[in-house]
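Have a look at these structures, which come just after this line.
Each of the next two complexes has chain A plus one other chain: chain B in the first, chain C in the second.
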Partner chain A sequence: MKLFKDAGHLFRLAGVFLLGTLSFLAIRAFVVPHSFGQYGHYRGAAIAEIAAHPVHFAGHQTCETCHSDIAQTKSAGKHAQVNCEACHGPLAKHADDPSIDPGKPDVAVLCVRCHSASAARPKDFPQVDADQHSGGIPCTTCHQPHNPVIAAGGAK
Partner chain B sequence: MPGVEGFMYPNEISLYWSVLIVLYPFITGLVAGAFILASLERVFRVEAVRPTYRLALLTALAFLLVAPLPLQLHLGHPERSLEMYMTPHRTSAMAMFGFVYLWYLMAVLTVEIWLDYRADIVALSNSTTGWRRWLYRILTLGSQNVSERALHIDERVGWLITLIGIPSAFLLHGYVGFIFGSIKANPWWSSPLMPVVFIFSAMVSGIAAVMLLYMVLMRLRRQPIDMSCVDTIAQYLLYIFIIDFSLEMLDLIHRIYEADESFRSLDFMVHTRLWLSQVVLQICIGTLTPILLLFLVQVTKLSVPVRKRIYVVSGSLALIGIFAMRWNVVIGGQLFSKSFLGYTTYKMALATREGLLVSIALTILPLVILWVLVKLLPPWPEKRHAPLPAALAAD
Partner chain C sequence: MNITRRHLLILLPAAAVAWESVLAGTPESSPNYTMTEHWWGMLIDIPKCIGCGNCVRACQAENDVPDGFFRTWVERYHVNDWQLANPQVISPDGGKEGFPSVAEDPEGKYFFVPKLCNHCADSPCTQVCPVGATFISPDGVVLVDQKYCLGCAYCVQACPYGCRYIHPTKKVADKCTLCYHRITKGLTTACCEACPTGARQLADLKNPADPIHAFLKTHSVQVLKPQMATGAKVFYNGLDGSVR
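== the complex of A and B ==
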């Protein structure tokens, strides 16, 4: 058992490693959340936590139940595929309780957000250079937001 | 918007990976490089560079201890950032960090240092007093066995660990390169050459750092510098540097020739925002100048003082060049828009969690740790208690 004697310090080193590994596992058991891995490589409880977040968007179907007139106008125009809340912002609170006044979108920034000319937009998407096109007059002076094409009867 | 030019996606306007993420590959590179230098000395039995064997190991340890700090500071959340060690997993390259780091620190570097120093530690635990005695006693793990056979076993096991250590060091830094190289959404990073380039640049920086540290420490100790040792290291530095530079040029030429959809955008970036840090600092000052200087030493017969100066200058320039390379990779990869139509700017903060002062402190910290380590475990051959490992004493 001479080998064992002379390699004794290596066994001690191995012992230190074992201890290190055990404390690693112990700390790990402590810091890893309990629901981790319940469904996959994430914290299972996160699903319930996320589901508990309040809803901000009501969805266009909800708006349309009350504002059927506007839904109709809009579905006839070029903005048919643009969601109500893409322009009006999240309005779930108003949809739950119509007495909450949602206010009107700020046209000065709204339309140019989608329509200002930019090389990054698809070429066939309607774009204008706002300064040249309207010279600072609010877009809604000429365009009806829910049916924007003037020739299509969208003029105000 | 200030600092932004052209069309930038909103999430690209500010950089998320700051100067700390530049520091992280720089520091791990020094670790891997220093360790590879030490291992080559041991495995290839290069007698001349023996004086730096232990110093290189301690340098690697000092920098390795600091290596994860930039990541932790970058993550913020001191209560959570520690989890990167405790919850490693295989599903993402970033989450592998815990495995790679702990493996390298625990299984390779500390064991190799411990085995090599064991006879010294035992001797010191008997010759010192006070708290140092206790420290060395703990470090002996309670075994005072330094019989010839025991040391022979240490030497064999140490050799084996060095052998495992070389691929591990490649893994440690190749891994860092892989993190960048595997990001397919970013054409500046996405390249299978990235890990290889990272490894060779790590070797350059590690070898340069050990060479400089050796010269500085000898000066502080008022001891003569072993010129044959420094000459040999400088020779290694030159060879590795040439490989590193060729690989980087290969990557560049490949990009230029391929000229894929990202090329015009990246080309513009290199000519404008990265001109100073990439072309001037990294390539001209940090790579070509030291290569030329080191080459000059090889082809001419220069006096010792001149050679020393050349080594100090080229070593420092190499470190600056490698730092610039990390900078250009990390920061450069975030300056352009993935639309290839816009560019943003990185403005380094001064006294914030990820600012300049913190990164300076993180660069100095390993040197402080190294100072402590050198005091505790003197790396100088003449203070060695153990007989030399056969591998080094062979010829």
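== the complex of A and C ==
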């Protein structure tokens, strides 16, 4: 007795199944990014892509390589812990090309952002009612922003 | 131009090679950075926050965050003695331009709470992504692969802290990357760089020399919504119990 009598349809079905599996594997290899699964269920290359975004804030260490004089003035005063770009804004472009003018911050807006009086602020943080304190005179008339204590030399 | 069978046979492998390079992605951009040596988080010192909004502006400038959307924002809490469980919270334009001033001797207490992605170690948002477009990187930062994201917004709903949004023009999920492009280059985040009082500090929990370890030993810190067991890595010092 022949064991696989009339078994042709099974082989045909197996062939179709094999073909389907192979084409699935081929398509999958083509469309799934290679780094998918490198670290987990995601595209590993995405990490390097996100890390390659451009930097806008140069960081105070970069500023201080050129502006060491201001860093020194600042380190002696109350603003020692305030980083350059906290007031001057993002200046990576200026750091890359010093000919780009960083511009001066507008003290009328800048100082009161932190120092306008509000009971919501920590009690030990220096705050003033700007109108009463100076009557509209720019803060920099008396305070040198890099070391704001008036005894330290006043405006420069 | 007529493409003969011969031309096609030559062109096909070339196209395959080109597609291969697309799939491979861009090469490593920070050669001196080893992901497995870091585990990033942040420390927020509530008593130091003055609500100036510097962090919000810095984040928007650094990451091109669209107007009206926030990767970080500052909330101002007003808690009355007789309403401890129902604080009044405001965050006008994310606190970007500061807050209205409060008169002397107010009723109850006021304080600021800066918020951002908590970069949870067991984050709910990455677990719901149907395509693997959002993930926790080996150094503990929750990131979005915007080339892979479908914009289905499951993750936006899943985040218990409201830290995600759908980008209005890219139509994909967007969120705080903990300035991944900066921390991998040895810089601190834009918000920490711009914070004038040091209320925000980037923390590398795998670095034994990081001051975070001394701080955590000597202070009572909290995370937001600890009952959700998200493994949040943004630690708050001096956080009021009314903060949600």
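Just so it is clear, the second predicted complex is superposed on the first by the 106 of 156 C-alpha atoms of A that agree within 3 Å, B and C clash if a C-alpha of one lies under 4 Å from a C-alpha of the other, contacts with A are read in each partner's own complex, and residues count from 1 in each chain.
Note that in this section a contact is a pair of C-beta atoms (placed from the backbone, for glycine too) under 8 Å apart; a residue touches a chain by one contact, two chains touch by 3 or more.
It should be emphasised that the depicted structure is a prediction, and the values quoted were computed from it without experimental measurement.
Undergrad: Between chain B (first) and chain C (second), which does A:His41 come into contact with in this model arrangement: first, second, both, or neither?
TA: Touch partners of A:His41: chain B and chain C.
Undergrad: With both complexes superposed on chain A, which partner does A:Ser118 reach: first (chain B), second (chain C), both or neither?
TA: both
Undergrad: Have a look at where A:Phe17 lands relative to chain B and chain C in the superposition and call it first, second, both or neither.
TA: Touch status of A:Phe17: first partner only.
Undergrad: If you tally the residues of chain A touched by each partner, is the higher count for chain B or for chain C?
TA: The partner with more contacted residues on chain A is C.
Undergrad: Could you say whether A:Lys5 touches chain B, chain C, both of them, or neither, answering first, second, both or neither?
TA: After superposition on chain A, A:Lys5 lies in contact with chain B alone.
Undergrad: Check the residue A:Ile27 against both partner chains and state whether it touches chain B (first), chain C (second), both, or neither.
TA: first
Undergrad: Answer with first, second, both or neither: which of chain B and chain C does A:His67 touch in the superposed model?
TA: Neither partner.
Undergrad: Looking at the overlay, does A:Gly89 come into contact with chain B only (first), chain C only (second), both, or neither?
TA: Once the two structures are laid over each other on A, A:Gly89 reaches chain C alone.
Undergrad: Considering each complex separately, which residues of chain A are in contact with chain B in the first and with chain C in the second?
TA: In the superposed arrangement, which is not itself an observed complex, chain A uses residues 41, 118-120 for both chain B and chain C.
Undergrad: In the complex, go through chain B and note every residue touching chain A.
TA: By the definition above, chain B touches chain A via 7, 82-83, 86-87, 89, 91, 102, 106, 111, 114, 118, 140-143, 145, 147, 149-150, 153, 157, 339, 341.
Undergrad: With touch defined as at the start, can you tell me which chain A residues reach chain C in the complex?
TA: It comes out as residues 30, 33-36, 39-43, 45-57, 59-60, 79, 81-83, 85-87, 89-90, 113-114, 116-122, 125.
Undergrad: Sort out for me which residues of chain C touch chain A in the complex.
TA: Its residues touching chain A are 19-20, 23-30, 33, 35, 47-54, 58, 61-63, 76, 78, 98-99, 101-106, 110-112, 132-138, 143, 145, 147-148, 177, 180-182, 184-185, 187-188, 190, 193-198.
Undergrad: Contact residues on chain A for chain B in the complex?
TA: 2-3, 5-10, 12-13, 16-17, 20, 24, 27-28, 31-32, 41, 118-120
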